[in-house]
Structures are given as C-alpha cells and as structure tokens.
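These are the structures in question, set out in turn.
Each of the next two complexes has subunit A plus one more chain, namely subunit B in the first and subunit C in the second.
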Partner chain A sequence: MSVGNIIVWIVWIAAAAACIGSALAVVALRNALYSALALIGNLISLAVFYLLLSAEFVAAAQVLIYAGAVMVMFLFVIAYVGWDKDIAWTGGPRWQTLGSVVAAAALLCELVVVIVLGAANDLKRTDHVSANFGSASSVGRVFMSNHLLAFEVISIVLLVAAIGGVILGAQKQRRRSGGLR
Partner chain B sequence: MSLLAPLATVQPWWIATIEAFVIIMVLLLGFAFVTLIERKLLGRFQRRFGPNRAGPYSILQPFADFIKLIRKAPFQPDEVIHPILYLGAPVLSGTMAFLAFSVIPWGGGWELFGYQIDGQVANVSISLIVVFAIGSISTYGVLLGGWASESKYAMLGAMRSGAQLVSYEVSLALSVLGVVLMARSLSLVDIVAAQGRTIWYIVPQIVGFGCFAIAGVAEVGRAPFDLPEAEQELVAGYHVEYSGMRWGLFQIAEYVHMITISALMVTLFFGGWLFPFGHRLGPLWFALKLAIVLFCFIWARASLPRLRYDQLMNLGWKVLLPIATVNALATAFFVVLK
Partner chain C sequence: MLGPAIAWYLVVGSAIFAIGAAGVMLRRNPLIMLLSLELMLNGANLVLIAFARLHNSPGGQVFALAVMAVAAAEVVVGLGLVVAMARRKIEIDVDLLSRLRK
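On to the complex of A and B.
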C-alpha cells in the first residue's frame, strides 16, 4: 500500500465519521441553530467524499452552493423566527414518523441492492473513467447532452421559485404602501 | 495515485508547506503595514498628519497597536451563548481569509537545485470556484459571532452584514463569468496564461471589472459599504461584544480578505504576475499591481460617503446583478460567434 493510498484511507475514514456524526447531530440536537450548524458540517464532509472520487467541480459547487449559500438562508430564517425560544419539540403526527422511517428504510435497501448486486464489479474497474472525469467541462457536457431534459426542468422550477419570491415580496410592499396612504 | 490527482501539485509537498508558511507571514506583515499606510493616507486625504510618533515614518506603529491589543483584557459577555461558538467565530473568519490565498498564482514558477517551485501553493483546476467557496464559508464567522454574543446590536449587525455578503456574492460570481468564458478555464493559472497570449482582460471586460470592483468592496465590507462602522446606528455591528485580540482577529480577517480580493482582481483583470518584461520577477510585478489596487481601496474609503442599508440592497440586486448578467450573456455570445 503506497503512502498516497494510506492518506486517502485516513481522509476517507475521517470524512465518513464526520458525515455520520454530523447527520446524527442534525436530528438529535434540540436547538434548531445547532442542527443547522451540524448540517453544514455534514455537507462539507460530503464534499470531501466528492473530492476523493475526483469530482472536484462537484465538491467545490457543493461547498459554494449548499454549505455556503443555502445554509446561510437556513441560519437567517432560524435567527429571525426565534432561535432563543428553547421549545422542546413534542413530535409531529404519527403518520409522519412512520412515513419517514419507511422512506429511509427503502432508500437503505435500494443502496444496498445497487452496491452489492449491481455495481460490485463496476466499482473496481477504473478503465472507463477518463482523465477528464469530474472537471467542469465534462460535467457541463453531461448536463447539455445526456441529462438535458432534467437540466431544463430544474431551470424552469428555479425560475418559477424566483418569480414567486418576487410576487410575494411585491405584495407585502404594496400592502404596506397602501396602509401609509 | 489517481485518487489524489485533484489535490496533487507539481512541486513536492514540503515546498508547498514552506510556501504556505511564507505566504501567511507575508500576509500578516502586509496586514500590519496596510493598516499603517491606510491611516497615513487617510491623514493625508484629510489634510492632517496621521500617525507620526512611533519610530521614523511611524514604522513601529503596527507593533505598538499589536502589543496594545495583546495586553488588553479579553472582555466577554456573561450570557454568551456557547463559549466555543463565541471564540470560534473570529477563528473561522481568520482561517478562511488566509486559506483563500493558497490558490492565487503570484509567479510563473522556477527551478532551483533541481526542484520545481510553483508560483502558487496549490494548483487546482477549479481554483476560482475554490476562492468563492471559501468566501461563502467565511460568512459564517460574521453570523456566528453576532449570534453567539447574545446581544441585540450584535445580532442585528450580523444579520445586516450577512445579508450584504450574501447579496454581493452573487454579483461578484457573475461578474467574473465573462473572464472565465474568454479564458475558457476556471483555473487562475490558466486565466493568467491566457492574458499573456492576448491582452489583459480589463480591456474587453471593462463592464465585468466595474461590477467586480464594486461587489468586491462590498464583499469585504469596506467603505462605502462598511455598515458595521456606522456607529450612529448599530454601535459596531457583529463584533461589538469582542475586545482585545479577538476583535483583532476579525480585523485581520477583514484586511486579509481585502488583500485577497485585490489579488483576485489583479489576477483576473490585470494579467496577474505578468509584465511586458522580466518574467522571472513575477512576484515583484504582482506585489506592485496589488499595491496600486489596495491604494484605490483606501482612496475610495477616504472620498466616498457611506450608503444607507436600503440603498446598499437596491444597488446590489437591481443594478449590479442585471449588469453582470447582461455582461456574461454578451460575452458568451461573442465567444461563441468567434
């Protein structure tokens, strides 16, 4: 085993431990802000996995978009809505708990089946991974060819969300200026 | 070995470590003397002397400031929410500020005693995104610092500064898209090389440069976008409950962030370390261009009035963002056409 491989193993084990630990912390912690911080840690440790898989562009985008921009919005909402009201969560409706457990179990089963049955031999092969794998240009090429439909659908969904945000903001403003008059 | 490919540099790891150490020392010294030069220049802009007591040309002033900060009692509010978060916020800000400089190229690389020495600590193919990713993480230093202080003013200041950083990050990222499209690369090393082959991108990307300059000043939170300094409104923003060297760490983060954004501006629009002659003297030209950009930062602080909070948000979302978007689209059109 070469030095490089040992480093990869050490990084992998540390990232895996951080990933599972922070994921547990997200659901176990009572304070919503601490949960959000744990989620940031979880997203960053996921980015380390992407880096280990040579998907450097995806790793950087993960940190920039999810750990950076999206989670800042979470923190804003938590801070505005009430971070100091230390209300213990009494639990949601029964069907919600049941549904989440079933969904998690289904995902776990799917993962195990895919890895053990389907991809066990594929994962060992590295010859079909090109030298360009994971670079920004190859990711962009895949977006614009194989997954063009999904890409366009997501862009429309985001556009709808942006317009919705503008409409909601504009309504509030109109009401406020109407009240002043 | 292939697993480590994105992390690998051409130079041996121990040379990269030495380089990182040297860069951090240079940045710390640079921070110390930028504060001095800023106070001197502000004095000149306002027709007064500025600091002139400590040593010839007041050259010892930064060290006097440092000793004063170190000896100050580290005051801490009783009701601080979590001591680790309270202390961690300035540490996070400072670390992220230094980290971003690791991918910025300041020289063309040399060969010394048979060893390859690169002009940057880490050569990654997506270094521009890495700089932005690190910048987006450093927002948490501001938010956590304000939140953990358990103080109304710190909280309000953190929310304002956080909103400002998030808003201008968008314009900042969009304004460099034109440069990326022209160089056809996200690597800062490649972007500098592409400018060596053609011309400095300040010429074709003058609109992008304008957006980058304004959004960059807002991103580091300096005048005219320095809302934490608006003492009549918010005392001192997110760092009001910090004192001594903890406050000093926030200051270090702000100044190093300013140096990093200036270095990024030099790299993207002014040819980085390139100069018409003397290619082996890359770091010298880089430092020279960096000094000119830093002077402009201080010049802007001395001459422009501060924006109100609503003006700040309007400028970011309704003026800069559309201009940066149209610039990116126009550049894409011309690049495809060519």
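On to the complex of A and C.
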C-alpha cells in the first residue's frame, strides 16, 4: 500500500463517518435548526466523496448551491416558523415507529445485498481517468450537447417552482369568496 | 487504484438513502421531512457520481446536477407550503395537515 493510498483511505473513512453520523443527526435531533446544520455537514462530507471520485465541478456546485444557497433558504424558513417549537417524533402508535425503522432497514439490506452481488463481477473501475474528467468544461460539454433537452426541461421546472413559490408565499390582500385566502 | 472500491461508495450512498427514508417515515415536522428528502436525494447523487467514475463517463455527473436542480425546486415548493401553514396559523405538523384548507 502506497502512502497516497493510505491517505485516501483515511480521508474516505473520515468522510464516511461524518456522512453517516450527520445523516443520523438530521433524523434524530429534535430541533429543526440543529437538523439543518447537521445536513450542511452531511452535504460538505458528500462533497469530499465527490472530490475523491474526481467530480470536481459537482463538488463545487454541491458546496456553493446546496450547502450555501438552498440551506440558507431552509434556515430562513426555520427561523420564520420558529425553531424552538418541539414537535414529537411520531403521532401514531408504537408499531408505526417500529414499522418505519424496519422498512428502512429492509431497504438498506436489500441495497447492500445487490451491491455485494454486483461487486463480485462488474464493479471494477478503471484506474486512470482522463485529465479533465469532472471538470466544468467536460461536464458542460456533455450537458449542452447530449443532454440539451434535459437542460431546457430543468430550466422550465425551476421557472414553475419559482412561480409556485411566489404564489404560495404571496400575501393575498383582497379576499375572494370561495378559494384560498 | 487509490482508496476504496466503488462498492463502498455505493454502500454509503445506500445508507444515507435508507436513513433519509426512515426520517421521512418517522418525523412529523414537515421541515425535517424535507431535510430527510434532501438526504435521500443526496444518497442517490453519490451513487450516480460513483457510477460516473466507474464507467468513466460524465453522464452521471450531469444527472447529479439535474437532481440538484430538482431538489432546489422541491425545497422552494415545500418551504412555500410550510410558510403558508405558518401564516394560516396551522400547527407545523403533517398529521394536522390532513386537508389543504383550514
């Protein structure tokens, strides 16, 4: 094992521990504000994984857009709604809690079994990638040529979401009879 | 080959997805349900990028960027709903949101 390999392994294990730990914290913490902060940690440790997988542009976009813009919006709304309000874990009976944990564990077991079965034969990655793999230029070239329709559809989705956000958040001044106030 | 094999990345992605799914089913606070949905999307994103590295093609990374955009749209609409709930003085609890009108 070379020194570089050992360093990559150490970084990987640290990132994996941070990832799983912060994901558990998002679900387990009672306070929504702390959950959001834990999710920011989760997103940043995922960006470390993306760098290890030589996806530099996606890692940068993850930190800038996700951990930056989207989570700031989340924190604004949590502050608006009031983060000190404690809502209990579940409302339903005990079997509902148990059932959801069992369902999630079954999902994880199923996925891990599929990965282990696949890892035996066809999960061998190539050792070397081209120098600009994952750079903004290579991702942008593929995005703008092969996946141009997806790009345009994404822009329409974002436009519709922005309009929906404005309609949901707009304070209606005049009252109409019937519909939503 | 530096670092662990691709399968380990896939296992971490699956674990994050399962934790997020448990969060969506367990929690009643819609804000934390949205955060758990983000976890699920990010687990899928990690798997997509691991497969992009496996097949040495940037298509998976393009897909991950698309998932990020969809996540942003989902957050906008979900947070709009939460703000609308708070404005109409409905308690922030999905069990009480059985109807869309007060």
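Quick note on the criterion: the second predicted complex is superposed on the first by the 123 of 181 C-alpha atoms of A that agree within 3 Å, B and C clash if a C-alpha of one lies under 4 Å from a C-alpha of the other, contacts with A are read in each partner's own complex, and residues count from 1 in each chain.
Assume contacts are C-beta pairs under 8 Å (C-beta built on N, C-alpha and C of every residue); 3 or more make two chains touch, one makes a residue touch a chain.
Everything quoted here is computed from the prediction, not taken from an experiment.
When the two structures are aligned on the shared chain, A:79 is found in touch with subunit B, with no touch to subunit C.
Of the two partner chains placed by the overlay, neither subunit B nor subunit C lies in contact with A:117. In the superposed pair of complexes, A:149 makes contact with neither subunit B nor subunit C. After overlaying the two complexes on the shared chain, residue contacts for A:138 are found with subunit C alone; subunit B is out of touch. Looking at the shared chain after the overlay, A:8 reaches both subunit B and subunit C.
Legend: residue contacts after superposition of the two complexes on their common chain; A:57 is shown touching both subunit B and subunit C. When the two structures are aligned on the shared chain, A:161 is found in touch with subunit C, with no touch to subunit B.
In the superposed three-chain model, the partner touching more residues of subunit A is C, compared with the other of subunit B and subunit C. Contacts of A:68 after superposition: subunit B is touched, whereas subunit C is not reached. Overlap of the subunit B and subunit C interfaces on subunit A: residues 4-5, 8, 52, 54, 57, 61, 69, 73, 80, 126, 134. Taken in their complex, subunit A has these residues touching subunit B: 2, 4-5, 7-8, 33, 40, 51-52, 54, 56-57, 60-61, 63-64, 67-69, 72-73, 75-76, 79-80, 83, 126, 134-136.
Of all residues in subunit C, only 1-12, 14-23, 25-29, 31-32, 34-36, 38-39, 42, 45-46, 49-50, 52-54, 56, 58-59, 61-62, 64-66, 68-77, 79-84, 86-88, 92-93, 95, 101 touch subunit A in the complex they form.
Contact residues of subunit A toward subunit C in the complex are 4-5, 8-9, 11-12, 16, 19-20, 23-24, 26-27, 32, 35-36, 39, 42-43, 46, 49-50, 52-55, 57-58, 61-62, 65-66, 69-70, 73-74, 77-78, 80-82, 85, 87-92, 97, 99-101, 103-105, 107-108, 111-112, 115-116, 118-119, 123-127, 129-130, 133-134, 138-139, 142-143, 146-147, 150, 154, 157-158, 160-162, 164-165, 167-169, 171, 180-181. Of all residues in subunit B, only 1-7, 124-126, 129-130, 132-133, 135-137, 139-140, 143, 147, 155, 159, 162-163, 166, 169, 186 touch subunit A in the complex they form.
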